[in-house]
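Naming follows writing order (A, B, C and D), and every chain is counted from residue 1.
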Amino acid sequence: MEDVQSGAPQVAVSIDKVGVRHLRVPLWVRDRTNGRQQTVATVDMGVELPSAFKGTHMSRFVAALDTWNEEIDYYSIKSLLQDVKKRLEARKACVVIRFPYFIRKPAPASGITSTVAYQCCLTGELGEGKMEFLLELDVPVMTVCPCSKAISNEGAHSQRTMVHLAVRMSGFAWIEEFITIAESSGSSPVYSLLKREDEKYVTEDAFAHPCFVEDVVRNVAVQLQEHKHVTWFTIEVESMESIHNHNAFACIERTVR
Amino acid sequence: MEDVQSGAPQVAVSIDKVGVRHLRVPLWVRDRTNGRQQTVATVDMGVELPSAFKGTHMSRFVAALDTWNEEIDYYSIKSLLQDVKKRLEARKACVVIRFPYFIRKPAPASGITSTVAYQCCLTGELGEGKMEFLLELDVPVMTVCPCSKAISNEGAHSQRTMVHLAVRMSGFAWIEEFITIAESSGSSPVYSLLKREDEKYVTEDAFAHPCFVEDVVRNVAVQLQEHKHVTWFTIEVESMESIHNHNAFACIERTVR
Amino acid sequence: MEDVQSGAPQVAVSIDKVGVRHLRVPLWVRDRTNGRQQTVATVDMGVELPSAFKGTHMSRFVAALDTWNEEIDYYSIKSLLQDVKKRLEARKACVVIRFPYFIRKPAPASGITSTVAYQCCLTGELGEGKMEFLLELDVPVMTVCPCSKAISNEGAHSQRTMVHLAVRMSGFAWIEEFITIAESSGSSPVYSLLKREDEKYVTEDAFAHPCFVEDVVRNVAVQLQEHKHVTWFTIEVESMESIHNHNAFACIERTVR
Amino acid sequence: MEDVQSGAPQVAVSIDKVGVRHLRVPLWVRDRTNGRQQTVATVDMGVELPSAFKGTHMSRFVAALDTWNEEIDYYSIKSLLQDVKKRLEARKACVVIRFPYFIRKPAPASGITSTVAYQCCLTGELGEGKMEFLLELDVPVMTVCPCSKAISNEGAHSQRTMVHLAVRMSGFAWIEEFITIAESSGSSPVYSLLKREDEKYVTEDAFAHPCFVEDVVRNVAVQLQEHKHVTWFTIEVESMESIHNHNAFACIERTVR
């Protein structure tokens, strides 16, 4: 059968990335507490395509992912990309893996544990040299408004606020390290299971630490700047304001070293 | 050219609804304050198809919508459905129109006005007799947790809470009537524009009226039961709990008369 | 500490359902081929609340789900609901579990296998008697347009088409049975991994079986009516028409016995 | 009342962008055919915040948008940003406006016209000098697979394919120019209303011009490179493959001059 893809294109332009998107697969991911945990991932994969070829061979991405039976981490992503480069005879390959990461988290007063899910995304890009590696993470926190607290006779509006991190690193760090950084930067962490004594604790703790999205983004920035492996980051904090039907946001991007 | 649709199907089963979905068009909608307002709608349209015909004629829905140049209300939806029934020689037709409805709303202390958007959905179904008509509406409110307030030395968690109404009526009612019902049923309405004095007002008002999703759904239910035209309703209240990454919800469905 | 929830409400109205939504947890699900498979689920849980109580105890849902360590099936959902009823002293409880279900599927010509994900949703409602149980399933297929094929000198437009099933049953059936029914009702099944010989096979097979959304919904309906355990179903077929930016759809709902 | 925002932050870090997101408002947009058209927009607005201030004044964004009564174009966005900078005493301001843009489009054989919606996004960033301006546009097209066509005895799979453009310019260009570029780069444009003669035309035209996502992205790139005002672009083409439940994509980014 004719290999249409390997023919010459009508227009000789090189393509930065071409591939497949939204493959859903069950995968294992490296886990600090238990060694590894199982999750479900949505995967995008692509390669660079030189101007001489009409098309890439899309089925080879799916075959590479299908035979990849390692748990997700820096090294296994690199070996997946090496396999993709080889199968597709490409100079450059990339993969994006999105998945929920689960942690057992104790409630702050009762100590009772429950499961919390954090949305993660790992992106690897491999050309000739070192793999470019990006960790993205969504961490929900609670924020109590300092302005509302200062001007009101009673109370202050609070809301769920999402901290979105994107981090480049020079060495290995656990997902848990960044969750801790984000959760310590709002008025309070959020939990799946809170008994009454825990709800009292969270409320009082949050009201003792009111913060704007501006405060949250700065608190995260300072900690990421001090992290020994972080070389670059962006932070986006977005709060679902309880007094509005729109959101407030704040962003900081920095190259650390 | 062959009219494949008008041929006999391989399987002689009647189809409840067949048609088109997600047509986006600019439309006018009837407005209590200004007579009418312009919006953008997403429209689904369908007809019943007898077992004798292989297919419906999808282009006729688009043609009917395209020539419909009335502002959205009960009567114009009925005339659209009559046109659809005729064009498609159908015994039964339905249309679903989703659109944001805009209201100028004054802030509670300063009185300064701004635009607030409420997501609406109108569904009409026309067979032989009277048109079945359903109004759906999403109204955001603020809720302050009564438990958190009662047990904590200071504060209480609050959050944005969505009130979703679906209402069947025996006579005409304005969208604004249902917005008022929903907004009076939480701890406070939400606003687009709040000056400092307004934020103080909203915070104190909300903390003076703490309510669970259970309270909100009941407060709405009681008012819908007393509305002179409402014959049936469902209410779904969902709060984006600021102490959790999951939501709380409460639902009531009632046939009123 | 005060138990605000157990107090009397201001408005004495019973609530149909109150609970939590969008809990994400890793779970096991019963699997025809391998006994069981792991997946990630999004879970909603609720109970009926009598008019005498101000609120439900939301944390008990999370505790019940957290201690539930069985694989998802009819019987385990029933035991979860029995536990929820007991913990919350409720007359009626319900749970909705959404998850991707993974199947190894051979390509039609080469026989090479790969993983395909099907979105599932199981709903259980338990009052005094038998549990109400609903299986929902999204199965993508390919459709080739019979009209376009009949009137054109060459080709016919095709598209990805989603078959959404909701089924009530009187006895046990595998998810795989309904996937097979849906996949045999379009122009061709879809696959994750297709070698060139498979792509030729799928194209020719699909063009030999052109069908409208009307044909697909009827083909599924006939098979569900003949299934020995199905007592009620709705089918919604929606095709992402490649010649339009809107979709075509067809629905059939039937009580079988 | 205390102005908490104007106080000093605990952590003296400057913030790149802080503001509001997801405000929904009705707006007018400049239109090549009719001078202007009304639409509904979702708006994000932000400013840079120096390290000396704890917070920004979020209500001023809403006030600025509320008094802005011009139709959306390059110049009006610039004047909105000048107003935002002044109100918030900021060195830098940005705005993102997302909206559907409607065009009356004639069917290719019958000439019958209907409305097609294209999702647009305009971003303006204004610091000391010239405004940075970005136009983004989603244009759906149809693609027929060249490989499937070459290897099959009959037919070829086709699908709806989204062309996403992001363009920076040195001078004025109409949205319509970029729609034309994208629609001429696939196998066929898509339409809202097609009579039978049009469906025949579109099918035959598409099958006479089979193309991969690779071909589409290259066809668009060549035309954007030749556009007299384009200085930079990214193109992402994503096809909802009818033989898979995943998508194929191709991306090109270029600085033109």
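As a convention for this text, contacts are C-beta pairs under 8 Å (C-beta built on N, C-alpha and C of every residue); 3 or more make two chains touch, one makes a residue touch a chain.
These figures come from a predicted structure and were not determined experimentally.
K.L.:
Given the touch definition stated above, what is the smallest step count connecting chain B to chain C?
P.N.:
1
K.L.:
Taking contacts as defined above, which has more of them, A-B or A-C?
P.N.:
Counting C-beta pairs in contact, A-B comes out ahead.
K.L.:
Which chain has its C-alpha centroid at the greatest distance from the C-alpha centroid of chain A?
P.N.:
Relative to chain A, the chain whose C-alpha centre sits farthest away is B.
K.L.:
Between chain A and chain C, what is the gap in Å from one C-alpha centre to the other?
P.N.:
Centre separation, chain A to chain C: 28 Å.
K.L.:
Rounded to the nearest whole Å, what is the centre-to-centre distance of chain A and chain D, using the mean of the C-alpha atoms as each centre?
P.N.:
25
K.L.:
How many angstrom lie between the centres of chain A and chain B, each centre taken as the mean Cα position?
P.N.:
34
K.L.:
Give me the residue numbers in chain C that touch at least two other chains, ranges are fine.
P.N.:
1, 23, 117, 147, 151, 192, 194, 196, 200, 246
K.L.:
Using the touch definition up top, name the residues of chain B that touch chain C in the complex.
P.N.:
The touching residues are 1-2, 4-5, 9-11, 13, 15-23, 44, 46, 49, 54-56, 58, 146-147, 150-151, 212-215, 217-219, 221-222, 238, 246-253.
K.L.:
Of all residues in chain C, which touch chain A in the complex?
P.N.:
Touch residues, chain C against chain A: 1, 3, 23-26, 37-40, 59, 62-63, 66, 100, 102, 112, 114-115, 117, 192-197, 200.
K.L.:
Can you list the residues on chain B that touch chain A in the complex?
P.N.:
116-117, 140, 142-144, 147-149, 151-160, 188, 190-192, 194, 196, 199-200, 202-204, 206-208, 240-246
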